[in-house]
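A, B, C and D are the chain letters, set down in written order, and residue numbers restart from 1 in every chain.
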Amino acid sequence: MSVTAPQLQSPRERRASLQASRSERYARMVEIRLMEERVLALFGEGLIPGTTHTSQGQEAVCVGIAAATRPTDTVACTYRGHGMALSLGVTREAVLGEILGRQIGCMGGLGGSMHLSDPRVGLLPTFAIVGAGIPIGAGAALTAQVLGNDDVAVSVFGDGASNIGAFHEGLNLASIWKLPVVFVCENNQYGEYTRIDRTTPVADIAVRAASYGIPGEVVDGQDIDAVEETVGRVVARARRGDGPTLVEAKTYRYAGHSRSDKATYRPAGELDQWLERDPITLFGEKLVAEGALDRARLEEIKAQAASDLERTLEVVLASPPPTEQQMMAPPTATGR
Amino acid sequence: MSVTAPQLQSPRERRASLQASRSERYARMVEIRLMEERVLALFGEGLIPGTTHTSQGQEAVCVGIAAATRPTDTVACTYRGHGMALSLGVTREAVLGEILGRQIGCMGGLGGSMHLSDPRVGLLPTFAIVGAGIPIGAGAALTAQVLGNDDVAVSVFGDGASNIGAFHEGLNLASIWKLPVVFVCENNQYGEYTRIDRTTPVADIAVRAASYGIPGEVVDGQDIDAVEETVGRVVARARRGDGPTLVEAKTYRYAGHSRSDKATYRPAGELDQWLERDPITLFGEKLVAEGALDRARLEEIKAQAASDLERTLEVVLASPPPTEQQMMAPPTATGR
Amino acid sequence: MAKLRMNQAIALALAEEMERDDHVIVLGEDIAEAEGSFKTSEGLLKRFGPNRVRDTPISEMGFMGLSVGAAATGLRPVVEIMFIEFLGVALDQLATEAALMHFLSGRKLTVPLTVRASVGSGLGFGCQHSQTLERWLLGAPGLKVAVASGARSAYGLTKAAVRDDDPVVVLEPRPLYGRREDFEPGEDAVISLGTGELLAQGTDVTIVALGQTVATALAGAEEAGWSADVIDLRTVQPWDRELVRASVAKTGRLVTVEENQFTAGWGSDVVSDVAANCHGDLSAPPLRLTAPDVPVPYGTALEQRYLPSAEYLADQVGLLLKTGTCPRPWWEGQ
Amino acid sequence: MAKLRMNQAIALALAEEMERDDHVIVLGEDIAEAEGSFKTSEGLLKRFGPNRVRDTPISEMGFMGLSVGAAATGLRPVVEIMFIEFLGVALDQLATEAALMHFLSGRKLTVPLTVRASVGSGLGFGCQHSQTLERWLLGAPGLKVAVASGARSAYGLTKAAVRDDDPVVVLEPRPLYGRREDFEPGEDAVISLGTGELLAQGTDVTIVALGQTVATALAGAEEAGWSADVIDLRTVQPWDRELVRASVAKTGRLVTVEENQFTAGWGSDVVSDVAANCHGDLSAPPLRLTAPDVPVPYGTALEQRYLPSAEYLADQVGLLLKTGTCPRPWWEGQ
């Protein structure tokens, strides 16, 4: 019995299986980790244009959010969005293909690493301008509120983004209109090469919720169950019509900010400390302790993910880059 | 003995006399009140182009700030800035002349009611874009910090402005750099025609200071002594190098938002309640109670202010509007 | 037929579109209870309720962003930016997010967003509340920009914008809000975005105008000793290249009348297109009539000096015809 | 003589100006400890300390605003905007506040602010990190905009900007940061803002280029069967109208080479000026070579197709000379 054959699954199916099964969540975290590591390697090989922002170490946050929401909910997230896209169900081919600039990518290879999306699982095009997605996510919640359905939206952003105006305006608007939106700050301790405490005078970004009269919560971003529980609870609150919440997930990115950044600005030992609480290891141990999976199974999942990734990469590399004609299609929906 | 003959005083002298004498502060508040009432009347007569924003009822805030600072300090304030300009020492001719679009105005009549300034008493051109002056004021504090002098800056803005991004970014920057700046929110309960509680989910804007790890204080904006004490104390703190403070002055504008707005959106009785705590009456009574002035003197001051205003108006109306040549002067300092 | 002020025509267009499609919502500062600073949303709150007609905080970046997100997920928001200058705090959401989102979604999402903003000089508001600033938006792939020249075109453009599946900005010259125009509302009045309108026909010159300057162009052409094709461009992005080129092919001369300052106004793009495509047709150099390269002055008297007037237009075109060269702008005579 | 990469030339210019005047400070995201995302502030923190070299939070509106206030009160701040697109969240502070503050102070305050921003395509960053966007700034009274075309002009323009008493934006094409150029640093290398430079002389055509396209223009002109005046505009606001007109008076033909999309690029203003002022001199219609009106594609291969290349330039100019009419752009052949 193989874990899954995700390449055969549609995004909706990938999402459903993740939501249904804890072991699938584990597998997805592994999938993300391996994909991100491979992306960095591919960047080193010159196969990825421009830049790319990976999320190793932060897998529990995105998978936890995907587990706590449904595909009709909307997610606005950032350029550091490969993991979120995979979590929500976007296929590996669509993600890796886009990062590599191939037609098989989710926008045909014309957008790139910073711009992943799939409306079928609620993923808005990921945002390359810091903070831009915060109010836009809240706008999806406005749609739900105006139409009177019970969808919610999740705006995901970094610690650094909490210092930009769009954060302030987005949270304030969501509060006064009681929009069904959850704001998740992935506090990975750094904005580019600068430690959060050099730009942000509060220890917990969650305290900023008080400025908007909404609840603020801190959650251990390395513990997927904690993320799912917290996000799930405040998503339910939003769905009930009780308004927005700010959730701060404390986490860490293992790699540098982008492309070839070696993150030499980090104090010695910091990475090691975080590696001790690796979200995949923690979750794996827990699943074993619970008796849900045994260690051999964990290894099988990893092996499966590795071979799935290889197959994905083959498929992606066989896909051509977009054509001149594709580039020249009008950028408007109406063609004018 | 006449109160003063302010028309003969330079802006610096007007500032110095206000800072030196409580009765002069009283006189200045009266001057502002009469000027603002006259401005509205002149608008009604068609003598003021475009729009104008008056500040009757808010006199204790601007005069209190002027009393608590010195002319080498910098003040950034808003289009509702006639009172602030007069408080800081800008002459009546310069203020009224600008509002009426005459050459005698502080920018030669080319700027208008929303754009008053006088660098000699630290007044930056008042800001017509909501929130713009908040970080710009902090920038003056950056100058003081970089140059190592002990000047401070005061950024003054409305309650409505506390929902705009520049507020968030400006306060955060001031905090992390410990800039010598005081942020004063003139909470006059309305942003244009909308009550503060419909746009702002916190009862006190001062609580937002916590988002930036700085002190926040609420002060009675109708009590000039309270404003002077509070602003003076936090200005001193900033001067010492101990960083910024957010001060919220609760106040009320008696007139509408601008030009001919009749403020019918206000609940019946609200204005009357505030009129019971009129800042000029309160301060006058206090001066009388203290024995500093007697009632006859208060009346004299008012009469003097009224006649000064008449004389100012005569002078201003005798001043021509700016010429085509003045309009055509290059907008750059270098002439290119 | 209805004789409406421009602000009434806009409110009517919005009401009709809200009636027609309950995904249309409107939001902005003081647009609900106060019915808009310029009374362009009169009656909407009462008729459609607070779920669809919303007063916002002073947070242009925020509510523009919300509207982009709402548009991408199924609504058709109409956002009011009270004065175009306030886009300076929200441009990212419009020019970088809304404009590119259809493209960035692999062409799967649409962003049927309408942004309305008041523009222009003539009311004495001073230099930061008197510009047209369409130049901030020109050249942005994905964005359409229309400019109303009166009640009729405001009505037709607003309806077209709300129905369009792309982000459309409709600019409304403030001095026209109070001016009445007779026209027939209804489906036939909806304007196809991207098309200009030939308002007068002549043989000597093609005058291209936009917004407020349409009236200037018509007035200037009326009494003159020459005759002109007068075109209301109506949409400045994309603009009706065919209409302008065809007219210039006939008249042999082009004059743009612009409210903006001289440098890099929309007229430069029109002139540049005509220069490239109608070179052989041009019997005189193309002429741009604009404001000078200084800030808009305070006060309505100087403002009138600042803007190109109908008399100035008549004179300049007369000189162009007589001399076959571009007359210098008034400010160079100084 | 020094052979420097463009980023080194910028760091050198900044260091020299900071040495020369201790009112010069630099600030931006990751410019101090990390020495700039593109290493344009290498060595500055070490040399001038954290009081004058400051890392900011991600708050472009905020730190641009701080810089405007600091400039108005005595400092000469140099702000880095990492990618020009980020101006979309800070435009108000630059175009509405900084640009107008001298005017609004009754001409009493000066705003010696320098804003540096990286621009352009060619490195595969995708559509929101690859534009030039000088169009957001063109036409703003009070603002100067310069564009570097290599180490030498980056050095000269940066020094000029820091010394200028008005707000100046210096745009730096990203692909040039790593490219070396030989030049003599020092006072003589400072460029007078507003002046273009004639880089090659010829008789058949005047080619006006800016930023990255200067190299394209020179390369295209080199092997061609025609000869050209090649002008590096250097400052795009105000731009050197005299230099361009004089050249066109000589050559009779104008071609602009622009990195931006076709609609409303800076070249439209150049063409429009020349069409008006050199009508009689033009023996062929003015031609604009630009990118097409679609978003910048991801990936360097398509990006190269997207941008006007030297070969395309050579071909198009050849056609212009041969036919006397504007050849169609490559994308209209499709």
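Here is the rule we use: contacts are C-beta pairs under 8 Å (C-beta built on N, C-alpha and C of every residue); 3 or more make two chains touch, one makes a residue touch a chain.
None of the values given here were measured: they were computed from a predicted structure.
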| item | value |
| --- | --- |
| Higher-contact pair (C-beta pairs counted), B-C versus B-D | B-D |
| Most widely separated chain from chain C, with each centre as the mean of CA atoms | A |
| Where chain A and chain D are represented by their mean Cα positions, the distance between them in whole Å | 36 |
| Chain B and chain D, separation of their C-alpha mean positions in angstrom | 40 |
| Averaged-CA centre spacing for the pair chain B and chain A, given as whole angstrom | 47 |
| Junction residues of chain C - those touching two or more other chains | 56-57, 59, 61-62, 85-86, 88-89, 92-93, 96, 100, 103-104, 127-128, 141-142, 238, 294-295 |
| Multi-partner residues of chain B (each touching 2 or more other chains) | 110-111, 115, 129, 163-166, 168-169, 172, 176, 198-200, 329, 331 |
| Interfacial residue positions of chain D with respect to chain B in the complex | 23, 25, 51-52, 54, 56-57, 59, 61-75, 89, 92-93, 96-97, 99-111, 141-142, 144, 164-166, 193-194, 238 |
| Interface residues, chain B side, partner chain C - complex | 49-51, 101, 109-115, 128-131, 160-161, 163-166, 191-194, 198-200, 265, 321-322, 324-325, 327-331 |
| Chain A residues touching chain B - in the complex, by the definition given at the top | 163-169, 172, 175-176, 198-202, 207-208, 210-214 |
| In the complex, chain C residues that touch chain B | 29-30, 33-34, 37, 55-62, 85-86, 88-89, 123-129, 292, 294-295, 297-302, 305-306, 331, 334 |
| Residue ranges of chain A in contact with chain C within the complex | 74, 76, 106-108, 110-111, 115, 117-119, 124-125, 127, 129, 132, 134-147, 153, 165-166, 168-170, 172-173, 176-177, 329, 331-334, 336 |
